[in-house]
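Next, two complexes with chain A in common: one pairs it with chain B, the other with chain C.
Up next is the complex of A and B:
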């Protein structure tokens, strides 16, 4: 990939986002920017609203105030499928595939729904083989081991040729031995697709390994941002991680 | 190396129609031969009833592709049937092609604003609202007397014509029904196969489908309109057979029958809808010989089939065939069982 391609695409700007469910305030005035093709880690204790942030950026939930811009386009409160068409594509925390459909049909569905061409699969061939998806090509997605279902879901997101990926805890539930797949996946998304990646993750080793920048969400606020090494050493960040409640669930996820 | 592997994997494309579609279309086509093989009015009338029931049940089959159980079939049958009755009695239009087009298009167009209202509902709420719709349409048929003839219905429909030739006797009526049924089955087969990936995705996980770029509401609205159109064709066949459009022909409770045909036959394939209609319409006729016991026997049959064969008759047969072949692949000639059969 040449240098010019690496800066292609649009930056994602989250501007003064607030979100309340009835009396429950989830966010208050959250701002951050992610450069085109960049990689930004999002961390925070359970219940900090990380999945809600992905839901707002992808268009699934409207913010109470503020806006999200992808380049010059406002993407919050837009239909999720329109945003996917713009290249803003999310993954899900739990496995999310079309049950009773083979790996092949799942991938072809992703290609079809995003209006892309089957030749994308040839671009993805390296990943498909590495993750073990090729050898299970005609098995139904729901019959695959958890880790493989997860990688299938992530690969489907990539089969839409996204410009900006919103990854919701891609490593959650994976065996230690499988976590390297996430490194490969993100590196591939960035080099092969020049794709920006917003990475919500609890695996701090992964965050430190991959992300040049992280932001920390806690109690509905952005409490820190910077390089993972410094941010994770800060006392308020450490304190934030010692408390917490359960992260909200997502309807698309099936366990 | 790996590019070659993936290309090779993709070489095996699934055929547009599975074996189920071919068998179903062949069976419906075969009914054109019935008037030439027999003059028995009983057989002709049974065939007529089965074809109308099966075509009506296609409206249920189409919506079940997206896991939506629709009770709206009698509503759209009524709209199609009354459209034909009004055109032929009031305006003297008797050309079968014009009438068939109207019987499809009018309900399909009306389904679009209705769909906009009710397709945002899921599960039991969708079921309830479609059922209420049949009650509303029933009420309108009685109340809008100047247009619909109210409780008298619209009687004395002239015989329809094909290329100027009058289709007036029993065998002609059956041929008209067979033509309408075949049209309905062909439209349904093409439509459900053309968008099988979209429908399967909406059925399995619509949130994921949207996140990949699928505008689910467009496909739901399109399916609702096509289901309404096909129901309209069944409505045409029904009023043509009775030579009368009457509200009782489109009773709200008849929607239960159409759902039952689809489930008992096997909701996963179009063949199930046809087989369900054949079995249950015949059973109704057969049990009628037992007089008062008839509804009970009919109910018992439904309970037994749903208990013994969860995938319906066709689901059970497919499983048996697969077991005999000793492999977990293809039902009939279809190499892609997942998309052909859906979940049982």
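Up next is the complex of A and C:
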């Protein structure tokens, strides 16, 4: 696969992406770069185009113009599975597991589809233990509590040994007490797999905790980028996105 | 009593034929999310290819069967890659495209072979008789071949990595491809497997039943019925439902007579669906 030609953790460059669905423009000329092995937060109000951005980077949707580069490889408009083979792997907002399959089988599926071998499970052992997946090893995924299903889906993405993870609201739907798992997950992805992480998230506490850099999308435009402390203090960002306190927005998102 | 047993054998024989047809139909629906209106067309094509190879070219029937299987497999693969793949995410378009392809196939056969049924009979004649139970050898061979094909499909789907991948795609193809599963190879493979099964069934069954350009219509109807009864997308459900349908059809036809048989079948299926709208083995749809 072409993935072998890539060095560990290539930079991800989104270059002048525009996207329109019929007459509806979702993006205008969005540019940003994510350094190799970096961690970039993506925030913005509902409908800002955050999930569409992940769909374009992962290859699921072609952009109307512009391109996305991972290292020297163009990844937009490529089949999603080819990009996954290059190490560019996404997660989903909803749970993303195979029903009627045990945790073990779900992880083995992820390993098989990505052409890896079972030794990945040993690399993941710490995480599997921490999330409580080991103690439910043979239970079917659809019988697990929501939080566990979500962590299983995320761990499956990691089982493909990605170089760049696109996380679509990993904390959505998790209890406050479970959100620490996301911190552990991202830290593990970066240290153990040397993996870059693009984090789309509504949980501002999580963003502030983890991300050295964020970009803000609003109405299909990139309106701000920088350290979360600075960016979130900017008036245009507050007007566009927050409206009120973080907490209220968080509730609105999940109700 | 003998009549009862003989009818049961016919029912099982019918059930095994419906199973092969329904397995292909349900695989395509489960994996690609496509209702394949051209399914009956591949059955007819299998019948005509087998007829042409054995009756016109004089090849052995077994060879004709294999050629029919291969031809419908290849045509299914090409159809998926060249046409269906372009509209795969648009449900209405897939309906139109598969229905259109059925019309093209059936009309093409009509143009090439004419509207009349060709002379195509099963190479083995004779009747197996135990006591007062009669069962034609031809039906026995067809039953054996269908059962072997069913076992093969189950082995493929449940015991091989290809099958695990196919089932994962049926479960959630978005997630499967996000993890690196090559859908561009497995989609046409699944489609071709299904059309190949339909073609094989046509090649096996049409010499016993009938071969004409339009015999695909009831095949589509019965595949649909069986798959809905079994639960859309369920391989096990389709198999169970196919045998239920075959047995009901056989017994109703013998004990109730022609049109009442079909009526009984549809009423029973209706009752089952009122009680279990998702079908015997179907899952209730959950929306996120």
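As a working rule, the second predicted complex is superposed on the first by the 233 of 255 C-alpha atoms of A that agree within 3 Å, B and C clash if a C-alpha of one lies under 4 Å from a C-alpha of the other, contacts with A are read in each partner's own complex, and residues count from 1 in each chain.
As a working rule, contacts are C-beta pairs under 8 Å (C-beta built on N, C-alpha and C of every residue); 3 or more make two chains touch, one makes a residue touch a chain.
Everything quoted here is computed from the prediction, not taken from an experiment.
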Quiz item: Mind checking chain B and chain C on superposed chain A, clash or fit?
Solution: clash
Quiz prompt | chain B versus chain C as contact partner of A:110, first or second or both or neither | solution = both
Quiz item: Comparing chain C with chain B, which touches more residues belonging to chain A?
Solution: B
Practice problem: Classify the contacts of A:191 with the two partner chains as first (chain B alone), second (chain C alone), both, or neither. | Solution: neither
Quiz item: After superposition on the shared chain, which partner residues are touched by A:16: those of chain B (first), chain C (second), both, or neither?
Solution: neither
Practice problem: Could you look at A:46 and tell me whether it touches chain B, chain C, both or neither (first, second, both, neither)? | Solution: neither
Practice problem: Using the touch definition from the top, say if A:96 reaches chain B (first), chain C (second), both or neither. | Solution: both
Quiz item: Does the superposition put A:33 against chain B (first), chain C (second), both, or neither?
Solution: neither
Quiz item: Does the superposition put A:160 against chain B (first), chain C (second), both, or neither?
Solution: both
Quiz item: Which holds for A:80: it touches chain B only (first), chain C only (second), both, or neither?
Solution: both
Quiz item: Overlap of the chain B and chain C footprints on chain A, residue-wise?
Solution: 58, 60, 79-81, 84-85, 89-90, 92, 96-101, 109-110, 112-115, 153, 156-157, 160
Exercise. Provide the residue numbers of chain B that touch chain A in the complex, in ascending order.
Key: 2-3, 5-7, 9-10, 197-198, 200-201, 204-205, 207-216, 336, 338-339, 342-343
Self-check item: Touch list for chain C against partner chain A, complex
Solution: 161, 164-165, 167-168, 171-172, 174-184, 283, 288
Quiz prompt | Interfacial residue positions of chain A with respect to chain B in the complex | solution = 58, 60, 79-82, 84-85, 89-90, 92, 96-102, 104-105, 108-110, 112-115, 118, 121-122, 124-126, 128-129, 134, 137, 140, 153, 156-157, 160, 250-252, 254
Quiz item: In their complex, what parts of chain A are in touch with chain C?
Solution: 58, 60, 79-81, 84-85, 89-90, 92, 94, 96-101, 109-110, 112-115, 153, 156-157, 160
